[in-house]
Structure formats: structure tokens, C-alpha cells
Amino acid sequence: MADTHTAETSAERALLELNNIEVIYNHVILVLKGVSLSVPKGGIVALLGANGAGKTTTLKAISNLLRAERGDVTKGSIVLKGEHVHDLSPNELVRRGCIQVMEGRHCFGHLSIEENLLTGAYTRRDGGAAIKADLEKVYSYFPRLRERRSSQAGYTSGGEQQMCAIGRALMAKPDMILLDEPSMGLAPQLVEEIFEIVRQLNANEGVTFLLAEQNTNVALKYATYGYILENGRVVLDGDAKSLRENDDVKEFYLGIGGDSHSSFRNVKSYRRRKRWLN
Amino acid sequence: MSLVETLPASQRDILLKVDNISLSFGGVKAITNISFDIRVGEIRAIIGPNGAGKTSMLNVINGFYHPQEGTITFEGVPRPRMRPHHAATHGVARTFQNIALFRGMSTLDNIMTGRGTLMKRNLLWQALWTGPAEREEIEHREAVEKIIDFLEIQHIRKTPVGRLPYGLQKRVELGRALAAEPRLLLLDEPMAGMNREEKEDMSRFILDVNSQFGTTIALIEHDMGVVMDLSDRVVVLDYGKKIGDGTPDEVRANQDVIDAYLGVPHE
Amino acid sequence: MSPDFLYFIETVLNGLMSGVMYSLVALGFVLIFKASGIFNFAQGVMALFAALTLVGLLTGQVPFAHLIHAIFGVEAQHWGAGMPALLAVIGTMVVMIALAFLIERIVLKHLVNQEPIILFMATIGLAYFLEGLGDLMWGSDVKALDIGVPSGGSFWWEDVTREWAAEGSDYFGMYIDKLDVTAAIVAAVLVVALSVFSQYTRMGRALRAVADDHQAALSVGISLRTIWVIVWSIAGFVALVAGIMWGSKSGVQFSLSLIALKALPVLILGGFTSIPGAIVGGLIIGVGEKLAELYIGPLVGGAIENWFAYVVALVFLLYRPQGLFGDKIIERI
Amino acid sequence: MAGDTARLAEDTFPKLLLRNAALFGDRPAMREKDLGIWQTWTWSQMLEEVRAFSLGLRALGLQAGGKVAIVGSNRPRLYWTFAAVQSLGAVPIPVYSDAVAEEMAFVLKHAEATMAVVEDQEQVDKLIGLAKRLPKLKHIIYDDDRGLKNYDHTTLHPFDDVQDSGRSLAKADAGVVAAWEKHIHEGKGSDTSVILYTSGTTGQSKGVMLTAERCVGAARDTVAFDRLTETDETLAYLPLAWVGDHYLNYAQGMVAGFCIACPEGPETVAVDLKEIGPTFYFAPPRVFEGLLTQVMIRMEDAGALKRRIFSYFMDVAKQHGEAILDGKPVPFSARLKYALGNMLVYGPLKNVLGFSRIRVAYTAGEAIGPDLFSFFRSLGINLKQLYGQTEAFLYVTAQPDGAVRADTVGLPMANVDIRIADNGEVLFKSPGMFAGYYKDKAKTKETLTKDGYVMTGDAGFFEADGQLKIIDRAKDVGKLKDGTLFAPKYIENKLKFFPDVKEAVAFGDQRDKVCVFLNIDLTSVGNWAERNNIAYASYQELANHPDVLATMEKHVRQVNADLAREPQMAGAQIARFLVLHKELDADDGELTRTQKVRRGFIAERYQPLIDALYSGKNECDITTEVTYEDGRKGKLSARVKIRDVERFAANGMKEAAE
């Protein structure tokens, strides 16, 4: 539960703040029903929750990629660095340092890895040398991409595509990356690898992350703070540690019943009612 | 419970045998010389990094792809080249990585389509809707209702699947595969994109399908918790080659598997 | 060399030249299709419109003269003086860019993420609108276009080729129109320029990115609107070039818009997404048509040119649906 | 009364079952939707099922006087269990299926149950978990085997197996069946028919013993009152362990011979209701409230024309509907409009809700909002109120057709004798009166007056037309320090009629003024917040929002204005209030399982808040422990704001608020 005190102080330092946003698709389907959250500068904040809970929609509402899907923020405010950004186009948001890495990777399949990375620098006006330097930096974080720099992205593996998508976002020199389901469809080893890089980017480059993730386990391992969405609402939030220790989170998202890891073999045919859904 | 089910997996009959299979697409090798078997009544997991050839392997078993080399023996009979829809009549059904349902149709109708291969009366009979065709329709409806009951989706029986949340759609897809009454069920990432709760449900259904109907199951899955808990044996692929095969514990301890896929040993 | 063989070469060369003309139109299609997935039915009409505008500027025609007359009763057909050719070309280009802006603003913006078929319908609408607009602005009479592009046969070339013929044969040399040669050169330059632009510039990369994945392009901060205006402007430019060439060759008339239909088999052959494909496809169709006319035509009673291209396209659709140079449909294993 | 019961031939439920099988053998007795189809059992089939199970139970060792717990939702097999157990002279003890392990342990231990018949894995798990504390529990029989295959089956039995063993016994020896029926006929009306454990507004629950003849007798009276017959049909969806379900469905069903339909599952009740179209229906007020909300939400989504038609005809219904239902004179034009409305609006609406065939519907348990009550009645649904309790085997008073009011609970039922005590408490003697609390003579004695009346614990009085009006729990009716009458429930109900107030708890006894705790309704206030662009992440945050507080203040003031108009109540207007930081929850012991407020417990639990209310502070910090269903605990802390409210003079004029 939000403690009002910390909420106020964090509001002052928040890089991004969502206040009660509501999102409607096609003028009909209400997807977000008043989501509020705040991302502090330099934080890694995780948006957790089931499918269709509204995680992706929340990210797209921020980056304003919603429009292209006939979605619209009908209520509430989105404030980035103290500025209302609800009406800005995605490219204006990228210029302001906020870029989204979409779910399912979305690399430009017919472009080479390097060309993919360079498109990330599209909005930059600081000259070829700076871009070149950043390209090197991305390669230093993702050595695999250097190896495959001239391969067509469409022919690279899922993990490489995910790295390419993150690297491409980095090329925009963002303050904030909205990362959607980075672990989706990746082997466990790769998931750790990618989250490890997220952590390094956060620590070394000062990039703030807001990530939507189904894999609660790994997300709470790397995030500093988390919000849990269900049915288009935030039902729980707290720092990662308190969420990890929350009984409901344990049971419903981490699969730890009581004290031990519960086996998928012994799942009951009934389950405890979620208190927040009453 | 039949005698077969009480035997440990290692002593059961072989249901499907994959022998030295190689598959390539225009020179790109997707699968190289892979052999393994699936025994009657077991849950067999196929794991491996992205692009390891897991889905191709399912497609080979299913008859979607025809391997350039090697043979597949199903129920002791070498499998000839065949079309995928024949696979269903031959006792193999599968679900897909990306849900492939008829979004505008209800849950009931979607699962009903899974009975298609079992319907004996032809279209004309069905159109006339008399006598045997009617009886048959009722029979199929009953079988479908049993699946609906089994998967606990009574409340969405009449809901168009396009309107259902992802987890339930996956369940309906499983229902449709079950409707064909397969002896071998292939599940391609049945839990991808699911949350813990949905995974638990899906696990329960997979186990129940296995134990109640005695259906043999081969599944591709990335969630190691699920794989290790559910499967009797695991085969590990990497770059189209088999790098491990054995019980979950054996695979977990296999250094090649750790290096190529698991990373840190899974707790 | 026997005259028959020389005839054959002449036919091939002529085919290549007319193929270049097809290619020029097809190029516009490819550009737009690549960047936005839209099959721009209006490409042919754009060429016509560009040519009409160019002629109008060259000859100093007053746009909307009929309309002005009808409303204000002012009878003014001409300014009295025309523009120099270069200025007229630049002026036309400005009009085409303005058109690209308007199309983005009025049509495309509202159709983001719609089904391709809806966008296709929109371009059909656009085609008829442009045809009407061209008519209204510049009138519907056939006009000659001359901006000094060389034309006519080359005596030098006829002399050279006459030498090739075997002694004693009555071969009078090959006829190749200078206009066609110019068109070929222009097309070559255009293709090289476009390839360089698309492959090595920031904007070109962005353009290819948009072609691959709209959403992802949006997410990295590429403005679809900018890209579309640029793409349509380039397509307008290509249309202008095509319009100049076709106009110089056969006069500016409304049947010009029908060359779009010829571009279709070219695209099927070359692939909808490949610039070199558009060129090669055009050449194959051009040569094929001429050869077919020459060798098969007499057998079936001529007029093969009208449908031969479509038959070729059909055969291609069956065996290689992505065309000769189209993007491979990337399927990961 | 004694004379009436004596003349009955069948004075136990098993005897009635035999009678029904003979009388209505081919008529439906039970239905259940299974595999998408309504499966039906006729009375003779039901008799066979009950007999098979009963014989099986006996084979497992159940004897007369034995106790069998029944835990689960409304499944035919669990209803059969009642009859099967009663046939052996043993006593069924239904237990709330959502009871936490602790509560379940208490009931089973107290009742000394030797067997339990349960629905599914969830209940089996609970009982297995309690095995050590329930040494007397020897057998657990389950209905649904899902997930139970691999359990140790030494004390665990599938329902089918028990029935099969009963069937083979019957097959082996025809005498077994005859003996079984003979045993039924030997059963006495004075035998205990069932023990219903009250959810208990304070402390541990008590086992209410009801004898067979009284159960049957009471049911006969009400069946006659509402003219129920074997052609009626109900949908059983209320908790099995609640007296209401046992009375309305099982007892009345047995007496009248009507058909009980069981829904496919809890999520499908609405659909099943529509398919079955019951003729007799009971629901607590909150269910009707939920239905109304649904209707309104659906209408908001509808097109403009549809909405206009709806609102026009709802106005017509509001004006004339109830009068038409009660058979009062109504102008012809109004009848015409109403008939048209019925065609366009009421009919389809009732059909959607599954109310098309309803002949009699009741609501009870809580006060129902007058508007809500009128809404359903104006549609032509014969909705009435009754008053009763477990100790009476439900009915004490009920409203006869044509004499229905929203603020009263009706006339005394046939053969019911009601008296109002000096302190205002309602006392009664009735045909269905309980025989005593199981193993608790002292409590039984406490509940009965010297001359044998049951003290209901409710305060009330008779209106001029003879209808009973209940104002509150008698023990809760108190006095302010200045002697003014203080009926907390009365005040709370007035507050709860506002849709955005979910719960209210009033305090004031022996204090100088009245103060209340409020719970906002998350759905209703949440919708409002969305419409007004107000951010909230949790219940707590929303409850603390200034705009929400302002709205609540408005409601409280309105209630004060209402109270000011009633001479007896005007002195007890609300002085201060706060909105609680958490929703009151049965799992935390704050509500009973029937969603009633446990005032005393709440007062104790939130002592700091009460202190703050009466000390004049404007806010207060509080930390509260919450309990999960499986017994685990968590903590919740918050800062709660307190507001003062304007009060009015008794004549309706404003009075300076302190």
C-alpha cells in the first residue's frame, strides 16, 4: 500500500509520473481504469501482472504508440520531467529522452544489425562522431551484436534481436527506456544476461527503466520498485523487497506457497481468493 | 488405470521414435541428425535456446515438414510422408506457439472443430441433419462438453474466443487439440506469456490429460520450473543438435546443457 | 551479320528502351510500396498530373482557366509568356511536393494502421481526384511536351549499324530514338541515386525501417509523417521524370494515366519491394513484348503487346510470387 | 400448533421423500447442469440415489444419532446426503464451504462428526489439514474427484464408491431395501432432523437443533402461505449451511415436491437462472442490488434510443407498477402503457435476469433500500420481505401478497405467536422453533423466556396495520448519555442505502454523541473517481481522498436530516465520521459469513479510531492486522481523517453543530 509520505517525496524527484490514466481502444474497450505510478530518476521500476492486465498499454500510453493502434488516453495525465507529454508524438518523446522497446522485439528484419542500431540515432543531431562512439559503446555492452553487425536482423536469434532492440533504443541516448517483456520467449540464461545488462546500463549510464514483465521472479530481482496491475488497475505496489516478501505476490506471482517452492506437479484444483479483487 | 501407466517411464513401450532426422531449409540446417524416442504415457519435454530447432522438430513429428534424412516411427510403424491434417487422424494433435483459434467463433464451436477429423458423416449428411448425422453430432457434442468440463471453461462456453483473455484462449486451444482424441499431444510453448496462476492451471490440465486420458505429451517450454516439475524425460537441443537427453535431474546436471541453455544451475 | 539478326538486335534494343519507360513508372510504385505497404494506384495519374503541370508552366497556361471563366467571367487562358524549361521543372517539383504534403495530411494520416485494402481504395480515390484536378487545372486537350530532350533517330548510329550488315543486303541501319536513350540514362542515374540514398543516408535508412515495421519505427522516434511526405515527394519526382519522358514521346494526354496498368506486370515480375527489380522487370517486359510482337504476333494476328505482359506476370505469380528481386519472406526456423 | 403437527402423516424428511417418490414419481425432483445439459432426476430416481448412498453410509458404519458434516456448494449429491443421513436416523450438519479451517474445526469438533461429505479437493484438503484435531472424524466422502486421484484413500471415499457399495447391498438382498424403508417409517418426528450452526454475530457459533416434525410443520405452513406445489421450481445457489437454503429449498422442496435446480458453477449462476427461470426465488438484498447495478451499467452502454425507451418505461413502472402488482385500481391508460412497457422493457429485462416465471420472491436478512425494493416490484416481480432466524427455522413473519412494504417485514406467519418485550425485543413461539442449542443448555436457557418464547435479540414494534418493523438488534439499541434512544443499525442502514457506502458502523451507546465508521463501495466510488479524473491505486488511497470525504459528508448530513424528521430518532444524529482504511472482511472477523457487521469486535479492534472520534482529533494513525483465508497474517497501516457533520433540529431546522 502506498505510504503517502514516500509518495510525495518521490513525486518531487520522479522522472515520469502517471496520474490516473484511462485508456480506451477503438472508443469502446476500456483497458486502463485509472493507473497511477511514478518512476524515480535512476530507478528500475517493474510493471507486473497477468496478460491483459494493461502493462503493455501503460507503456504505450507513455510512449504514445497507442495512437497507431487506435487507442487513446482519455483521462489522466502523463508527466515526464515535469512536462505534460500526453499530446506529444513518439518522436518528440524520443527527443525528450524517453524511448520504448516494444514487446516481441520488433527489429527491422531486412536491415542489418548495425543499420538497426543506427536507426535508433535517427532523432539525434549531435554528429556522426558521437553516434559512432555510441555505437561502439553499444557493442561493448552487447559483444554478440558486434559479431553479427552485418547480418540481417530477421535472421538473428530471439536473444540477439532483443539485444538489438535494446541497443537500438540506447542509440537515442535516452534518459528513460520503457522495456516491454524483455524476457518473453527467451531461454533462462539469456533472460539473466539481458537483465544483467539492464542493471549495468542503469548503474553505468544512468538510464532509468520502466519495464513490463511477466516473469515476476527475475523482474523483482533486478527492479527497485514494482507495481502490480490487474484488470487495468494497480492493485499493489511497493519496493521490490517488500513485494518479494508479500504473501499475495509470493502465492500468485512467484509460486511460493507458505515457505517453500511449490511444485507445478502439486497444484491444487482450487485457489485462494485474491483479496484485492473483492 | 491401465498397467502401462503404472510402469516407470523407462520401461514403457516406445510410442514414437525419431531416428537420425536431419532437416534443412535451402541449405540452412535446422536439425542435424537427431534421434530420440517418446514412450507411451510419458511427458516429454523438448528444451533449448531460441532457434535450436525445437519447433521444427515438432513440425517434423507433425508432418508439417518432411526431413531430408532419417525416419519417424509412430506406434511401431514407419511414418510415410503425409499432410498435417492427416496427422490428426493418425493420433497426433498439437497446439501452436501463437494461438491459432477461430476468433469469432465460440469456445464450444472452436473445440467442436477439433472433432472434425473424427466426424464420419460427410457434409451432405450433416446438411440434411437427420438420423445418423444427428446422432453423431450429439455424440461429438458430448465429447466436447466433457472437455469443457475437464478444462473448467463452462462459463465461457458461448463466448467468442477473441474476447477471452490470453490464458483462457490457450486453454481453449488445448481443448481443441484434445477434441481429436490424440494419442500423442504436441504442445508448443503452452505457457509462453502466462503468469504464475495461469501456468499452474495449465500444468494441472497437462498432468490430468496425461494421467486421466493416458495421452502421451511432448512439449516445448521455456519455464524451467514447469519443465522440471512436469516432465518425465527431457531432450535438449542446441543449434539443431541434441546435447542432452534424460530425466530432469540428469539434464539439470549436464554441463553441456548448463553451458548452452540453463546458465546457472537451476534451483 | 544477317539482317534478320540485326532486326532481332534492334527489336531487343527498342524493347529495352520502352522497358525503361515502364520501369520509370514502376519505380514510383516500388518506392511507396516499400515505405508504407500501399499499392499506389494513383502513380500513373501522378505522372500525368506532373506532365500536365510541366506543360502548363512551360507554355504559360493559366491554371483553372475554365473555372475562373465560369465564376468570374474572366477569359484568361495564357499569361502571355512561358517559363524556361529548368524553372518549369523546378516549379512542377514544388507542386508535387505540395501534393505529397496534402496527401499525407488529408488521406494517410487518418488511415494509419488500416487494412492494406482500405489504403488501396484510398489511392484509387486519389487517382480519380488527381485526374479530375489535372483536367480542371490545365484542360483536357492533348498537349505536346518539349523541354529540349533530344529525340528522333541517330544518323550516326544508323550509319554504324548499316556497316554491320552483310554485304549486299538492303539493311538501312538501326533506328533508335534518342529520347529513349536519354530516358535510359536518366533512369540509370535515378536508380543509382535512389539506391545510394536508401542505402547510405540516415533518411534512407529510416525509410527502410518504416518499410519493415511501422510500430518499431515509431518507437525509435522516426516520424511517419515526415517519412511519408518524403516518400511521396520522391514518388512525385519519379512521376515527373516518367511524365516528361512519356510526354515527350507521345504527347501529354489522359491515356498516360493508363501506363500504370503496364507497371503492374512489371512489378509482379520484379518484385514490389525492389528498385533494381523494377528496372529489370521493366526491361524484361519491354523486350519480351517487342520480341513477342515480332515473332509470335504474325502467328496470332498481332496486338500481342496488349496482353503479353500480363501472361508473363501470371506465369511468374505461379512460380515466384515474391518476384525476381522481391524481399525474401523471412521465416525463422 | 401441537394439534397441527400431530395430524401430519409424514413428520420427517425421509418419509416425505418416500411419499414424493410414490406421489410424484415421474416429476423432476432435482436438476443439475452437467456437461452443458440440464440433467434431471425424478423423485423416484432421487429416492434410489438417496437409498444407495444411505446404505453405503451405513456400510461405512454410520448409525442412528451419528453426525455427518456436509461441506460444499449446491450439488444434488449434497442435498441427497441430507436425506440419506436422515434416513439412518443420523444428523446432517452442513458447514459453510468458505469457512476458514479454524471455524470448520470448531464445528466438526463440537458436533463430534464422524463422517464428512464434501464437494471437492479444497474441502478435503482442509479436513486433512485438521485431521489431528478431529480424531472422531473417520471418513471423508467427496463428490468431485478432480485432483484427488493420488490421495491416500484409506479414509477417503469417492461418492460413487459409497453409492456402489450401497447398491450392491440392495441388490444382494431385497430385504435390505425394505428394512431401510421400515427404518424410515419408524423414525420419529421428535428426532433431531438437522443441526444448523449459526454464523454467530459474537464469538463462536452455536449449533441450532431442529426436530423433524417442527421443520416439516413450519415448511407446510409456508408452502400453504405461498401456494407452492410440485410444479414450482427453484435455483439453489445460497450456502447449504444457511438456514435459508435448508428451509427454502430442501424443506419446502420436500413438502411441496417441487424441483430444485443446481447451477453448473458459481460463475454460471446468472446464466443458469435465465435458463431455469425459477418460479420461487430468494435472495438477500445485496444480490438484488448487484442485479440493479448490472442493469444500469448495461443501459449506460446502450444506444440513445434504447436508453430513452428504457427510462420512459421505467418511469411508467415506477408510477404504476406496484399498484398493478398489488391489484389496486389504476387508470386504463396507465395499464395500457404498462402493458406496452412490459412488451418492450420489463419482459425482456426479466427474461435476461431469469425472472420471467417468478411467482413469489423473497428478500430478508438485511434492510432493503426502498428504491431498490420498488424497482423490482414495479417490474411485476412479486418481491416480498420476511423476517426470521435460524432458531425459528427461518420464518417468523412474512408479507402476504398485496400487503407489501419496504420498511416492514410482514405479519406473523400462521401458528406463530409474537410478543414485544418491555425493552422492545421481539419474542416468538413458532411451529419451527428450535429444540435447543446442541450441547449448550445454558445458552438455550438464556435464549428462552420462562414461558418458552424465543428471544430474537431484535428490537422492533408493530405498525398500525399489524406489520412488524425491526429497527435493530435489541442489545445494540442503547442510549446516549443524555438518555436519547440510539438504534445503530437503523442509522447504519440509512447510510448504506447510498450506493457508494458499502458498510457503516455507528457508535453512541453511553456516549455523548453518535459517531460512525464508513466503508466506501469500491466499485461505485471507483467509477466515480474515474469519471472525475481522480487518481487512486488502492482502496485505502481512494478512501482517504478529500473529494470522497466530502461526498461522504454530504450523505451523512442527508441522513441527519432524515433522522430529524422522526421524533424517536431525532436525538441520535451523527456528529462525526471517518472512512475506514480497509474494507471490513469476514476473514478478519469483522463481518459474519452472512456479511453482518460485528460491531463489538470492530469497536475493540479499532479502539484508537474511536478514541480519536470522541476526543475531537482530526486524524489518527492506525495499524491493522489482516488475516488471509489460510490463516496467514499481514499488516496494514494508514492515517485516517475525521470529519464533523452538521446536525438538524428535531423540527427539521438547522442546529449549530457544536
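Order as written gives the chain letters A, B, C and D; numbering starts at 1 within each chain.
We take it that contacts are C-beta pairs under 8 Å (C-beta built on N, C-alpha and C of every residue); 3 or more make two chains touch, one makes a residue touch a chain.
All values derive from a computational prediction rather than experimental measurement.
More contacting C-beta pairs link the chains of A-D than the other of the two pairs A-D and B-D. Ranked by how far their CA centres sit from the centre of subunit D, the chains are topped by C.
A comparison of C-alpha centroids places A closest to the centre of the full protein. Centre-to-centre separation of subunit B and subunit D, using mean CA positions: 47 Å.
Chain centres here are Cα averages; for subunit B and subunit C they lie 52 Å apart. If you average the Cα atoms of subunit C and of subunit D, the two centres end up 79 Å apart. Of all residues in subunit C, those touching 2 or more other chains are 332, listed in ascending order. Shown for subunit A are the residues that touch two or more other chains, namely 269.
Residues of subunit D in contact with at least two other chains: 146-147.
Partner subunit A is touched in their complex by these residues of subunit D: 120-122, 125, 146-147, 522, 526, 529-530, 533-538, 540-541, 544, 583, 585, 626, 628-630, 632, 634, 636-639.
By the touch criterion given at the top, residues 34-37, 146-147, 149, 264-265, 267-268, 271 of subunit D touch subunit B in their complex. Against subunit C, in their complex, subunit A makes its touches with residues 63, 65, 67-70, 89-91, 93-95, 99-102, 106-111, 115-116, 118-123, 152, 154-155, 165, 168-169, 172. On subunit C, the positions that touch subunit A within their shared complex are 112-113, 202, 205-206, 208-209, 211-223, 327, 330, 332.
Per the touch definition, subunit B reaches subunit D in the complex via residues 108, 141-142, 145-146, 148-149, 154-155, 157, 204, 208, 211-212.
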